[in-house]
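Structures for review follow.
Here chain A shows up in two complexes: once beside chain B, once beside chain C.
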Partner chain A sequence: MNPQAFLGRVRRNATPHTILSVVIIAFLLYVVVVPLAVMIKETFIVHPMERFQIPGTLPGDATLSHWKKTFTGSSAGAFFFKPLMNTLIMSISMSILAMLIGGILAWLVVRTDLPGKKFISNLAIVPYIMPSWTMSLAWITLFKNPRIGGSVGLFQYLTGITLPDWFSYGMFPIVITLAVHYFPFGFMLISSALENIDSQLEESAELLGAGRRLTLRRIVFPLVMPAILSTFLLTFSRGLGTFGTPSFLGGPVRLYVLSTLLHANLVGQRPGMAYLVALVMILMGSLILYMDTKLLGARKSYVTISGKGGKRGLVSLGKAKWPVTVLVMVFLVCVTFVPFGVLAIESLTLIPGDYSLSNLTLHYWIGPASTSIGLRTGEAGILRNTEILRALGNSLKVGLLTALVCGVLGMLIGYTVARMRGTRFASALDQLSFMPYLMPSIAFGSAFLALFSVPRGPVPSLYGTLALLVLACAVKYLPYSSRAGISAMMQIGPELEEAATMAGASWFKRISSIIFPLQKSSFFSGLLLPFISAMRELSLVVLLVTPGTQLATSITLKFTDRGWYPYTNAVMVLIVLTVLATTWISRKLMGTDLAKGIGG
Partner chain B sequence: MKRTVRLSVSILMVVTLLMSLSVVGSAQTAENWNDIVKAATKEGKVVVYSTTSRIMAAAEAFQQRTGIKVEAHRLSETELIERVYREARAGIKSVDLVLIEDFPSMKELLVTPGYLVNYVPPSARKAVPESMHNPLVFAHVSRVVGYNSEKYKTAPFESIWDLTTPQWKGKVMIRDLALTGEHQNAFTELIRRSDELALDYEKRFGKKLQLREDNAGLEFLRRLSENDIIIMTSDTRIAEAVGKKGQEDPPVGFFYVYSKHRDAEAKNLAIKAAVDLKPFAGYYYDMYLQLSSNPANPNAAKLFADYLMSLEGFTPWSSDIGIYASNGAIEHHPQDMPWEWWESRLWTYDPDFAIQNRGIVLDTWIRSVSK
Partner chain C sequence: MAEIVLKNVTKKFGSVTAVDNLSLVIEEGSFTTLLGPSGCGKTTTLRMIAGLDHPTSGEIWIGDKCVFSSDKGHYVPPGKRNLGLVFQSYALWPHMTVFENISFGLSVQKRRADDIQEITSEVAAILRIDDLLDRYPSELSGGQQQRVAIARVLVMKPQVMLLDEPLSNLDAKLRMDMRSEIKRLHSETGSTIVYVTHDQLEALTMSTDVAVLHNGILQQLAPPMDLYHCPKNMFIADFVGNPRINLIQGRLVEEQGHVAIEAGGLRASFPRARDLSLVGRDATLGVRPEDIVLSANPTPEGFEGTVYSVLPAGSEWYVRVKIGDDLLTVTEYDDMGLVNDQPVWIRIQPNRAKCFTNNGELLDDTGRN
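Coming up: the complex of A and B.
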């Protein structure tokens, strides 16, 4: 191509969205590739506190000792392999459990005559909206045994039975609570896959004399299999990077997973080993991304087979209808109202572990700072505690800014990908913007820590600023809104815009008067999920917050560490209420739909 | 005669010179100090990170006295060092003054690179013995081994080795060493004094200590951890768990700050420290006062430092047991023992030895505890 033709092509393509997309690609490369390089470098140098462990070295010298210690040394089991095994066991079992719960629920809601479907669908998303370790806090409150001292759990209070350690702490409760948090994920993905199945396929099978089981096995399963596997992989990758739950429930019985090990190594001033762990986690995440794109491709080809189906015939549950309904309801109540209620009640008890009426109090909500009432903490109730209120304010700011950044970028990416469909540029943008999705959260946080802890050339150090938190959240959640954006923009044909162009409308005019109004609800859906995620995020930000930039979630760690659960629980109740209210209001006002942003 | 005169004249001259010098010196500091006070008032604000929560009370009192606003943050020891380190590396001017623990980390991460500087304010110059001037010691803090005094009238163990026996399996609580730099330092002292430790084992059990680790210190750490030790996240929780009344089989608190006993009565806890435990009853460490080398409010920091080192400034702490001022003029708490009494019972650590060996301690800990 001669230069003139090239310039001409550049000029033709240099619309605001392409320019912006080039910027976005460059930026994504910077925040994904550069931290990797920095982290790799950190694993090969001696850090200030390590110079005596690696005799004869000075900080900054090159060394292989972190690699040796982590992978081949006599303690490699404790430093890497045991936590790795625990992580795998944890992530695999909880993903399977979450997938089973989500899949069964999805099938019941989409394909059977189960009553109260709308209510069930709404309720089934709630656990996912709550911060992931809400369940583990509720678990501790319910099933605490005397091992870690303090008051006993509600269960022991009521029954007098002391629960064994394996039930109260460690792998068992971690798997259960994480599965309960992540099953909505599978529910949403598998529901939408089931909805896309042409019911004629099932009807034909029936006509040909296949029984219900055979139809399920030979037709429904193969069709939703990609969605099921995809659910598994996505849930698995979430489990990999989660920090709160294994930290709360694993700590008392000394169970380490990669995320808690990474945290302990960073806090213990062993950045070399910490970044090694982070790199392994990122590698695992990338592998999953690779496998998922393979499966996603497979799913797409399945979906195209099925045209638009007619009115769907529902499977009758027959006699099992009411028992199943009751079972589903009880389960959903147990994973939504119960944990929330437990936390709310616990935040209202003056002396934890005493559930009598006389012990009810609003002290931890609106009480004064006191060293003589209740837990004698010297901390004011959360609604008049300046530190906590500032953290709540920070959370709202980070949530709103993240949502705005994600929403706008997501739409632009969507627009670009849709308009340039089929080009290599579009698919690069598509894939790059999806990459942060599968980066284990805490590893991603540590990468940002590595990248922004010192000024690099023209890029200032953002450590200690809210901007860093917004940036980390925005990049991490961009996939939600870029997916929503892409699927929304694909639905708008180019004709409308072409007509507008003919009429002389500028790019901004076209976006604001045609594209945006058409896809308003998708746009707000793309805002909602990043907002919710930022509000409830812990794993991603735990390494990045500072005293001045505490968030509502991270500040609760301080209280949990000291055993001041009522404060933690009160803050959690507030977070959950905020998130639920936002979801509800935006659905009423903007018609947003959470499921739109997840998984595509 | 002539010679004597000349000699006395020269002596006189020297003395006069010295006196004038010292007059000039004191005048200069006094003048400077006034400037500092003025400048501090102008700055109107000081930011402090501290590992003790009592800083809040001191901050309030200082604010009332001087009108200078104190923004105080209470952080855990590792968190504090991490923050100062990262903020300094990022070039952020956020903190002016710190009350900090964990000498090795402080030295390696913050003092050697020049992020923190030592400063001895006027109130500490005479009152604090010179051996504690660099770095300036704010106070000594003691950590002890404690038991439930409702269940046990006297300490149910004589030697720290008892806690590694099946009787105390799953009963000993300790703060996570990985998150507690001072614990790592204290255990280096167990390595350094391995012989004493091994001797104590022999005395207690009448047989020689069998080593699986390099020395008796690490062997103790390993046996203690492998005895299903319970890792806790805070000393407050340890004290509460140990001292809670009405327990059948209460746990033992290992190395928690003695100051937690201050709330025993108010919280209705039955808790006592095993003060005659062999070969040591616990350990103590120093808390230091240091200034940021890149402060936003350098003068207010000095003024607040001066206040904290004074009799009045220490008030929030002097009402506590378990913390002992470096300022000799400050009396210990009436219900506590004098510092010398504690000093003879507690171990502390050798700073250089600790810097070199705490990595091994942490490795051994992680290796022995992780499941």
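Coming up: the complex of A and C.
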């Protein structure tokens, strides 16, 4: 090719979306793929604080000792295999439980004559909107036994019965509280799958003489099976990376899962082993992603083929109608109002464990710093405590910035993927932006720690800055917004932009007067999920915060460690209120439906 | 108003060649239709003329300006080619009113507000959508959207108008109306129109020239009636015309010093085809349904067959006739009261039979050689 022709070709192909895609792919490679390489390297070297554990080495030396100690040594049981088993038991049982609850609820709401469906649907999403470990804090407050000292829980206060350890702490409450947090996933995914089944499919079966039960078993169930499996994998991978709940409920009985082990390794100055655990978690996450796309990919498609959806007869619950309604309501109240109420009340008791009226106080909200009142903490109430207020401010900042970064990136990714549809570039970008989705949160956090703790080339060390938290959150939640952006952009045919091109409009003009106006509503509603996620995030940021960049969520750890639950609970109440209010406002203002985004 | 010239244009998408070494001259002021089945490269060709797709190699000229050349690295962006494109889906911007849609191009050019107002109303009046200017596209019928899409292009006073299957989303009745409107628009504006369609009837009724594309290769460029009566090859003969041409496998024979074909139970001779070297080869006989005369009684040169089925279509009847192993379609304009399995005799109208040699080309019966 002659130089003229070559230059012409370069000029023609240097369209805004090709340039954009190159930039975005480079960015994603740096924040998603490079950390993996760094982490792998970290597992083979001696770190400064490890040289006494590994005699005769200097920091920076190559070593296999992390691998040996984790997988083969005499301590491998405690340092890897037992937590791994715990993780599997925890994730599998809580996923099954969450799926069962969500699936049954979905079937009741979509397919039966259950009353109050709208109310039920709204309430069923609330547990997911709350921070994941809200439930575990409420559990401790309710069912605490004297094992960890301090006061006893509300249950023992009222009944005088001392609960056994297995009920108060450890695997049992972890599974229950996580299932309660994650069942909305299953509820939303399965109910939308149920709604999308073409009623003609069921009608044909019924016309061929199949009874209702047979139709359910042979037609409906197989059709929603992909959604059920997908829910299971999704929930499982979330459970893998969750930190708060196993930390609060497993800590008192020394029950470790991979996420808490990772944290303990880092806190205990064993970074090499910590990164090894993180890599194992990421490997598990990738396996799940692979299973989700390969095993389910082909089958998923037929659920989305929705027919006319026509009106279908609802299953009459008959005599069971009211008992079922009451049961559902009681359950939902137990997983929404009760934990929230318990936390709120606890934050109002001066001496924890004493629920008499005379013990009510606003001390932990607005009281002065004092070493003589209540818990004698010397900390001011949360609304006048500068440290906590700064953490709250940081949370808001991180939430807003994350939402903005996600929104803009999501739209740009959506734009480039839609424009370059069918090319290898587009699918690379699509997959790359989805990768953080199934990376276990805490492992992803540790990857960022590895990447940004020291300056690398032109990239400064971001450790200790809010920018690092924003970056971590933005990349982690990018899948939400890139998926939303892609699907929104796919609905805008390329001709709409091409028509403007034909009229001579520049790229900027096309974006500002055609693409953005058409995307406005999905752009703004796409901000909600990253904001909420960042506001209630703990697992991802727990390794990245420093005293100066504490977030509202991470600062509660400090109080929980010292047993100052009223502070923790008051902060939690504030977080939950903020998140619920944001959801409610954006729903009123923009008709944003959170349910659409969560399934991803 | 300008001539469009494509020189050796090739477009590849990955390993697929969408347009293969296409050279084509679209004459100034013509209404040229790119016709072909889906995937034949017609829309790609149109998009390359528009500048939305870039040829892998070749040159494109509009008027005396080279707008694309792979060798010289020339490329004029779509907005500077002075042409307008009407999209198949109309591509009206749903968030803008009809007025904003039509005047968008003018506002990009930063024209004065009263200019914009004037030109827009003028064009809207021509297309009879002047009472719809405040509406949004979603509030318009398909036909109205179509007019807005055309108006949006017309305000720019383009040298060339490109239309990409503009009628395919309309119902059959409206399509008929719009055909005549667009044809009229062509004669009124006098601009060059390049029109893409897969509908052969649309191509025949509207165009001054039709370019038939197949697998990315130009098959024939000719005025509609030439195309219908003298298709260069079997693909065109089969693609153009409804109901389809009857094609019967046969063999070339000699008949008094010229070539004839024997196919099924039929025979047709081509007195001016004298290339006797072809005799003995396989060939295909092509006869259009309206070129066959049907008779319920035996006729001297008639070939005997039986009625397979009768399909009345209002102004005409399509009769399927079984001759030997072949089924032929015959168009009849009178009700002959035929019943299934009744014996009939058919005759091919003189000089209407076509013969395609085994490479698919039309048998040369011009007597030139």
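In this section, the second predicted complex is superposed on the first by the 572 of 600 C-alpha atoms of A that agree within 3 Å, B and C clash if a C-alpha of one lies under 4 Å from a C-alpha of the other, contacts with A are read in each partner's own complex, and residues count from 1 in each chain.
As a working rule, contacts are C-beta pairs under 8 Å (C-beta built on N, C-alpha and C of every residue); 3 or more make two chains touch, one makes a residue touch a chain.
For clarity, every value in this text was computed on a predicted model and none was experimentally measured.
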item: Chain B versus chain C as contact partner of A:Ile40, first or second or both or neither; value: neither
item: Chain B versus chain C as contact partner of A:Cys334, first or second or both or neither; value: neither
item: Partner chain(s) touched by A:Gly268 [first = chain B, second = chain C, both, neither]; value: first
item: Partner chain(s) touched by A:Ile148 [first = chain B, second = chain C, both, neither]; value: first
item: Touched chain A residues, chain B compared with chain C; value: B
item: First (chain B), second (chain C), both or neither touched by A:Leu214; value: neither
item: Partner chain in contact with A:Ala499 - chain B first, chain C second, else both or neither; value: second
item: Chain B versus chain C as contact partner of A:Leu577, first or second or both or neither; value: neither
item: Touching partner for A:Pro517 - first (chain B), second (chain C), both, neither; value: second
item: Chain C-facing residues of chain A, complex; value: 2, 4-9, 11-13, 493, 495-496, 498-505, 509, 513-514, 517-518
item: Chain B partner contacts - residues on chain A that touch it in the complex; value: 48-53, 75, 77-79, 82-83, 86, 146-150, 251-256, 264, 267-270, 371-372, 376, 378, 452-455, 461, 463-464, 546-548, 560-563
item: Residues on chain C engaged by chain A in the complex (per definition of touch); value: 50, 52, 54, 69-75, 77-80, 83-85, 87-89, 91, 93-95, 104-105, 108-109, 152-153, 156
item: Chain B - residues contacting chain A, complex; value: 49, 53, 56, 73, 75-76, 78-79, 81-83, 86-87, 89-92, 94, 104-105, 108-109, 112-113, 170, 173, 176, 178-179, 229-234, 236-238, 240-242, 244, 247, 251, 263, 266-267, 355-357, 359-360, 362-363, 366-367, 369-371
